[in-house]
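Below are two complexes that have chain A in common, paired first with chain B and then with chain C.
On to the complex of A and B.
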């Protein structure tokens, strides 16, 4: 009996280790190791003439990125688009998430499936679908011109507009699901209590619903922002050859230019900017709501 | 505080009436309790008074002015929710201050009234705590303080005690009742707990299937239930099914011929309160109905004992006796004699 009790803590520790190990090993091998290698590459030199990487320790690649307006413009575009997309997703997603969270309908599960459904279609396939809708001879322009509402096709395809619309469509489900799960945990009676105490709906939202939904708002915006910053297929297919965002740029450096050092540097700049903006936004958000 | 008038209030969902044609007048300072089983429409009625549900028909008037079309935030009704619904991200003081801020009172007045309200529910000094740092009973009192701080025209209580444990519930009942009297609050409370209803109310409303069955004092409902439902829901009753043969004569389905008062000839049930039936080991005398039967089941309840007596294959009667020294304590299977005056039973025609 004593023996069993003595062993328990140790066997619990072993179980925990056994449970943690597979995921830890997976993360180490598949995420940390490649990142470490890539970071090392980003400090290497590149001989453009021979298209060859040369061993070195230099920050020249990082300096090159930040001193060339071509690249900083791409970073700025990426940040601007990500912020726009995140803001629009929050504004569009909140009411939808609220309705889904509060509905008593027996079709609630169907509603959730409908929201998730777009995720079943890959980004590339979906972007191809958008191309047929937004193209100059696409569904939208054909319809509007057929109805005589416009006489020249709208320039949507291969513009920033198309990319923003496309990423919003991809990211909205993530925002809605994050918000919905948190709103569902907020007692409906709390809203009614605010009403009965004299708060009109907007005041109730500002004073009660928003602060209580904040964890969901944070996780939803973080998720949406990161996904937008790293979007690849949507900007590549809907933006066209002249439109550039960071993820396609990284890919281009790796495959077209075979410039691994510069590609690696861009990847790390993208990661650092995403992380910094996310953390900064969180701090501002939380400080403001604490007041 | 103000008078509350509910006139012909109804709520329909498709073909289903959650509430049908409810009319009630609650006087200034009166404590009215809506009592009924779950789904009887009592909560829907309360929520229509609060303004959370729009009635399909009828009117609600507070202090003489019609508020039927007003949203809840313009009604000045203080509500205490079953879950208390405290704002979890605000301190106790911020919770209580919320309604006062909505009324745009100066900061000094708000602080003063928050303090008063918290003192009223004996929670002075708890203002800086968060709701989750309080016990259930304390949270309930914060909810009450928050509803009272706005000096509501009417106080609405939605099963306010159902989340408290039994011992605490008895204390809080008395506390709420005393506070209500002291402040002269016009109050409507919803409950399914008849003991709670009986101890707290000035007047009770028994509801079933969306309609009001009976309105009256505790004594009215217990002694003169208007329907078979009320007789069964308020207090306990044994129901014997049978037929009224002629005025004053009732024959049970088990073939017993009983004397009764009232009732029209035809199918009916005879309702008997368990404590109005006399029981003895030897034959009784001087009662309109005298019967005997075997004891089938005995349950000892401390101050009382319930004795179930089989009178005929179809008729079983519950008799309640007070436990005192030398009182009847029959065993299962023993033959006992029971009896009651005709006036003790009440007949409900079907």
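On to the complex of A and C.
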């Protein structure tokens, strides 16, 4: 039996406190306290006629959300889009992650920069790119009409399709990077062994690569799903004013309706639903792979 | 036998093809934005009537883009410096010492990465309202409130990257320095600091980029006449899309691309994102 001993020294109290306290206190004040206040607000009442918040302790805002079909439909749209996006990202992302992980090219780091760059350029800029492609005189419609395949422009902008396409592009890099880091850790020899024992590529993938890459698949899908649930700029710009997802709804309740209690409740519902679905998926996934 | 070789080669082509498709998908929106920035006509219709560079000059006539850029840059720089000052010691403590609640402390510092931007923004906004009412000082929409919000989202990047670089550090070098008579400060300055410098640089650059591009949280923290670049871009796009906004985007892409290339010299990007 081996014992793993944490070799870190027990804290020398004063030094540890001096090092850790500033950051902890800062985050506690600037993040935890605000979250606590937002939660408290979500239990308050709102007088719609006067557009005023009234102090109370009630779960009415949460009940209102789940009993009004208008809001549950928005939640359902958000969940549905997030699941679609995550599934597509996994299918599209795996081959790219595999190629990046296995390439011997000296341009590998440039390849990775190309994948990471869009992440940091910002969602609004990428939405602008899709607007150029999907607009009624945009690239796609101009090309299809030029080829005589359609007579009138396809309506993609301001539909769910545009939003899904946009969010997939936003989230794909996260999926690729999660998968790539895990695949890189899988020994090439394991794959070669499967091949030399006569396994066709698909069998090798199903029986060797997939199970070994499972941790990366799990972290990638969770990250992609969370990001899709929280998407703001893409649905706002590509979905148009009538299309609603959870994050734009929170913003709308706060700024347009000035209904802070209800906006706060939606914010916490969004976080709770995301967390619950993530944990549930995690459990199902682990039980499946344990079998 | 030949059949198997052909099939394997075909499989490789299919794999590379699928990978190229995914990469093209990721890059497609950026390619179109860059293309649009050079159109001669104002309406983004295809095929373009011709090409021109005039939109880049037009940016400078629109004060809001220049102001937005300058505010985003200032906030990014100040918040990154503060984030380093807070995050690096915290990462050192989390790596070096074993104490109760080490896990929860570490999770707390990384938490801003997982809380949705919109929730961060609304929570900070109501907090600012409470503080402003309670203490009777200006908070809402001030520069410092915006900077504080950005520090919160920079800290996790610094902590993550510095912790990662500490994990790869061989402790025996430090012990050797101390055996040779260096005190703790000298050991820190001459041994530990140089070793974690790549992590600090990477953490700072990532934190800066995350701050510079932040949209959702900042929406709630900006005040009248004080707007960051991503918000200016969002509000412009809500109204219309034209080559001017594309030219602004091109400049942002160039700036961030440069920062990425610099970062890549210090750390392997794939390890840290």
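Going forward, the second predicted complex is superposed on the first by the 266 of 291 C-alpha atoms of A that agree within 3 Å, B and C clash if a C-alpha of one lies under 4 Å from a C-alpha of the other, contacts with A are read in each partner's own complex, and residues count from 1 in each chain.
Methods note: a contact is a pair of C-beta atoms (placed from the backbone, for glycine too) under 8 Å apart; a residue touches a chain by one contact, two chains touch by 3 or more.
It should be emphasised that the depicted structure is a prediction, and the values quoted were computed from it without experimental measurement.
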Regarding the shared-chain residue A:137, is it in contact with chain B (first), chain C (second), both, or neither? second
- Taking the superposition as given, does A:228 touch the first partner, chain B, the second, chain C, both, or neither? neither
Next item on the list: Please work out whether A:207 is in contact with chain B alone, chain C alone, both, or neither, and reply first, second, both or neither.
Entry: first
Tell me the contact category for A:81 with respect to chain B and chain C: first, second, both or neither. neither
Could you tell me if A:168 is touching chain B, chain C, both of them or neither one (first, second, both, neither)? second
(message) Per the contact definition in the header, classify A:43: touching chain B only (first), chain C only (second), both, or neither.
(response) neither
Max touched-residue count on chain A (chain B vs chain C) belongs to chain C
Message: In the overlaid three-chain picture, which partner chain does A:197 touch, first (chain B) or second (chain C), both, or neither?
response: first
_Per the contact definition in the header, classify A:179: touching chain B only (first), chain C only (second), both, or neither._
neither
After superposition on chain A, the chain A residues reached by both chain B and chain C are none
Per the touch rule above, chain C residues touching chain A in the complex are 8, 11, 15-16, 18-19, 21-23, 25-33, 35-36, 43-47, 85-87, 89-90, 92-99, 105, 108-109, 111-112, 114-120, 122-127, 130, 148-149, 151-152, 155, 159, 209-210, 213, 215-216, 219-220, 230, 233-234, 237-238, 241, 245-246, 249, 252-253, 256-257, 259-261, 264, 268-271, 273
The chain A residues in contact with chain C across the complex are 6, 8-12, 15-16, 18-20, 22-24, 26-28, 30-35, 37-38, 41, 92-93, 95-96, 98-100, 109, 111-133, 135, 137-139, 142-143, 166, 168-169, 172-174, 176-177, 180-181, 184, 201, 226, 229-230, 232-233, 236-237, 247, 250-251, 254, 260, 263-264, 267-268, 270-271, 274
Listed in rising order, chain A residues that touch chain B in their complex are 187, 189-190, 192-200, 203, 207-208, 211-212
Touching chain A in the complex, chain B uses residues 50-52, 71-79, 81-83, 85-89, 98-99, 102-103, 146-147, 150, 156
